[in-house]
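Listed below are the structures to be examined.
Shared chain: subunit A. Partners: subunit B in the first complex, subunit C in the second.
For the complex of A and B:
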């Protein structure tokens, strides 16, 4: 019974994100009732997200927490990808937030909510400093440069804080409202907290993308010399994207650190970065829903379906094959699939009516 | 650091630079012709090592039969990667690279499912120590000497092939200017296959030759590919001579820092070296600046 409910929840999450992508990519979908469709979608998503932790097992509850944190990671990664640069240092930025918040709260006894915000800010600051060397590079050089910078930071933790990392990080403190006590050791309570923070962050990221700044990101991606010629400072635009993306990655990392209460360098190694890259590429980057679709679909298949079947060793194989297939046959990502289907049916209907 | 330790470290660094050069030169060859950075190159090296394990250790055939099988098998894997991924992705500058990350995961998972996660340590046939020039400090295992000798022979042969043979000329022409080469009647797709086969074969040879020295495991390609990336960036993407010089430079730096401090500091030194080159001279020591 529990299994069926779990599958239903994951399928609902995939379907909802696919529907959102279809609405974003096809401006005709829904016709005059478009607004209602969006509102219905928002309500349905809120209901599924709010109810899901209460009907699944403990390990699935934990998975939902990690899913929420990873959502913030992939959506913030997309902000940088909008400027056309793929970084291999994003997960290290997440780790920077985790380490910073852990050290601030444990060594300096700064209250946890404050340390999370400070850590995110510090991550943005580090990204700003890294932008000076890194944005002298583009394309492959940026990719490899961001890897080198990230790996250097990660090895510095290993050398100076220790290969085992930091343990016994204080968690988010309990909240008492009257007789009602919220204990964040419970995955459900943490899930709601992180869900709200992630939702607000994603809304901010969405607003940024649709603001004047976000439009220059697109301009720098597709026509960077033209953008430069009409007075856009391309270096500054790329730096803005990197700093903002890193800020939210740091936030996600800090939330993770206080939830699992331990961080170590391996958690932020390059193979984790490869997963983020795969989620984003398989999902697509045209809309904010693309990375979310990739993340939710692959997590569902990987953590639920394959785990039930029991091919633990072959799960990387599945990721690898899927990445290659997506690059070869679906280069714009899963997000374009529903809109393409809609267009296909519309054309079929049109042809039928003309006959 | 006394003189004996110094000499011993030099020998170790020579050995490290020899197999690193084999891997990095293959990477440069592939990049030069196809403009693809093959992230799965470390896994080709790993596949070579497993081929030797299978032929030499499990089937008890001669060592060099294992090396030959490794070269052939890994070259075939390389050809497969070229046909299924790199060629269809030709117009997408980062596409081939991202596909090769997928290939990396597939090859690692393949090794895990065929041979298990546990690392294999097994002795090679030439394990007795050799003392060079009668100096006690210059003692090295015969197995490492074999690697150094093979690296010199293979790289020499490659150099001769690229300079003297028609295929070599064609390959260098494609690397310099693919369109002009195509106008001269050179088949770019055939040259791409050749570059991929050669590059993969070199990685397979490096893996097979070092399989008895480093523990053979599914993730053994990881440190090698990072080293090779540092080497090709420092040497200049597309420059074979640069890759060889940078291999020696990097291997000596890394080995000496490891001896004086520790491995993590050595890794950091290498990465910082690469970052400095990327910022100050992105086309590397011997590379040419790319035309915009």
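For the complex of A and C:
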């Protein structure tokens, strides 16, 4: 029974994010009741997200925590991708936040909530410094440059902190309100905390994308020389995107570090970055929902379905096949699937009415 | 639609009958087992470190199958079937945490086997809270903070000293060495051990070269090593694919001296990539279990030759360093459970450590580790030195680790401290 509920929750999460992508991509969808559709979707999402940890198993609660952290990683990654630049250093930025918060809280005894915020800020600052050499490059050269920068940072952790990383990192402190105690060791409590942080962060990222600043990101992506000719400082715009994306990646890393209480350099190596790229590519980058769809769908297949049917060892193979299929049949990502289906039905309806 | 000469309906009917018969027919031995005890296997089954997880799972499955076929295991007057429940942690701490939670709270395991290393810090708090007995292959995971963690099979990297010790006795002309190692939780303590062993036996280490785990081109690493013209190339505890690549490079660059390595997993592949002559005499630490030396009375692993034969029939070409290790830990767990008369983790731990001695796969051994790990939770005794002779791994001698430790412990501690690997130095 628990298994059925678990699958229902994962399917609901995928369906809700697909519906949100469909509404974002098709301005005609919903017609005059479009606002109601959005409100209904928001309510349904809130209900599923609030209820889900109470109806799944203990290990699935853990998965939900990591899913929420990874949501922040992929959505922040998309912000940089809006400027047309794909980085291979985003997971290292996440790791920087993890290391910074671990060191601040463990070595300097800074309270964990403050160390998380400071770590995110420091990650943004490092990204700002990296922007000077990195944005002398574009496209493929930027991709390789970001990989080199990321590896340099990762190897510095190894050299100065050690290959084993840091363990026994303090967790988020418990909260006591009268007789009511919230213990963040429990995955449910951590899930709600991280969910709230992720929701606020995603809202901020959404607002940025739809602001004047976000529009310049798009302009720099599609017409950077034209944007420059009309007075947009393209270097500053790309730097803004990198700093903001890194800030939220650092935040995600800090949350991860205090939850699992350990960090090590291998956790943020390039093979982990490949997973982020796959989530984003399979999901799509046209809307903020695309990377979330990719993340949720692939996590459900990889961590729930394939483990349940006992194909642990074959999971990388399935991952590869899925990526190839997505690239072949949905090159713009899973997020375009509902819109394509809607178009297909509209066309069929039109043809039927013409007969 | 027909399947050969059988029509579809008949095929389905026959299959259903066969399935029902299979489901209701129980092996005569299994009828005697009253309950099931579940053992968790939480190790990398995919990714770069899978070579030290997956072959071990195969070994555990054979072990469990043999016990179940013999009617299960008898613990405290109850007969149990053994079920191995695996979870691929991909050598990532977050996945290891999720896996530990699942194995403990959902699968109800009584014991968890792990590789250890990067994944252990995320599991330790969970194991401590649940008072779950966990085993590691890497004693460098041990500390006073890990009372429920034991290293009963492999005392990595301490046993590496036996290879150097044997080499010093049998190849006195080899006087200089160069070490290379991946810069991680496996590589560094192993370097400390080799440095101590070389120093203790009067072999000069010309250089120690660390490389990152993302390294793919080993030509520069090998060139830098060979520039010192060493008598001995020490490959430390490099991952299986790294050992293969390093040997290939040494072969291509015409190295003609002695090679010593912690492991030489899938050495037949390495020979295929180099030559039998090149690999002749390579020293490492993990025997094939068809070795006649393992039929000695001192050996506690049950029917090693038979185990090796079954393993190779089922998984040809997959025999590696860990193929027998996780299974041998199950022997020690069973011994502890039978002494305790219970499958409760704390009781089994007590049973395992009873009298301060344990029946290690390679002979009786002592629970040890206080000086190096801050806790006596590593089982240490004899360890084999293995050499490739005519394309086949052969045990050349068993050496006593406690005997070496009695003479050279200060040297080992000195190098562990210099490498920042003592338990009190860990971040």
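FYI, the second predicted complex is superposed on the first by the 355 of 355 C-alpha atoms of A that agree within 3 Å, B and C clash if a C-alpha of one lies under 4 Å from a C-alpha of the other, contacts with A are read in each partner's own complex, and residues count from 1 in each chain.
Here, contacts are C-beta pairs under 8 Å (C-beta built on N, C-alpha and C of every residue); 3 or more make two chains touch, one makes a residue touch a chain.
Source: prediction; values computed, not measured.
Asker: Quick one: subunit B and subunit C on subunit A, clash or fit?
Answerer: Clash - subunit B and subunit C, as placed by superposing on subunit A, overlap.
Asker: Does subunit B (first) or subunit C (second) touch A:155, or do both, or does neither?
Answerer: both
Asker: Name the contact category of A:63: first (subunit B only), second (subunit C only), both, or neither.
Answerer: second
Asker: Once chain A of both complexes is superposed, is A:328 in touch with subunit B (first), subunit C (second), both, or neither?
Answerer: So A:328 only meets subunit B here.
Asker: Give one of first, second, both or neither to describe whether A:180 is in contact with subunit B, with subunit C, with both, or with none.
Answerer: Touch partners of A:180: none, neither subunit B nor subunit C.
Asker: Considering only the touch criterion stated at the top, classify A:145 as touching first (subunit B), second (subunit C), both, or neither.
Answerer: The first partner, subunit B, only.
Asker: Classify the contacts of A:266 with the two partner chains as first (subunit B alone), second (subunit C alone), both, or neither.
Answerer: In the superposition, A:266 touches subunit C alone.
Asker: Just to be sure I read the superposition right, which of the two partners does A:277 touch: subunit B = first, subunit C = second, or both, or neither?
Answerer: Touch partner of A:277: subunit B, not subunit C.
Asker: Would you sort A:168 into first (subunit B), second (subunit C), both or neither based on which partner it touches?
Answerer: A:168 sits against subunit C, while subunit B stays out of touch.
Asker: Of the residues on subunit A, which ones does subunit B touch that subunit C also touches?
Answerer: Residues 151, 155, 158, 313, 315-316 of subunit A touch both subunit B and subunit C.
Asker: Under the stated contact criterion, what part of subunit A meets subunit B in this complex?
Answerer: So the residues of subunit A in touch with subunit B come to 86, 133, 136-137, 139-141, 143-145, 147-149, 151-152, 155-156, 158-159, 274, 277-278, 281, 313-317, 319-324, 327-328, 331.
Asker: Contact residues on subunit C for subunit A in the complex?
Answerer: 45-48, 50, 54, 86-88, 91-94, 97-99, 101-102, 105-106, 118, 121-122, 124-125, 145, 183-185, 187-188, 212-214, 420, 426-427
Asker: Under the definition above, what is the set of subunit B residues touching subunit A in their complex?
Answerer: Against subunit A, subunit B makes touches at 37, 84-85, 88-89, 92-95, 97-99, 101-106, 108-110, 112-113, 117, 226, 229-230, 233, 262, 264-265, 267-268, 271-272, 274-275, 278-279, 282.
Asker: Mind listing the subunit A positions that touch subunit C in their complex?
Answerer: So the residues of subunit A in touch with subunit C come to 57-59, 62-63, 66, 151, 155, 158, 161-168, 187, 256, 260-264, 266-267, 269-271, 303, 307, 312-313, 315-316.
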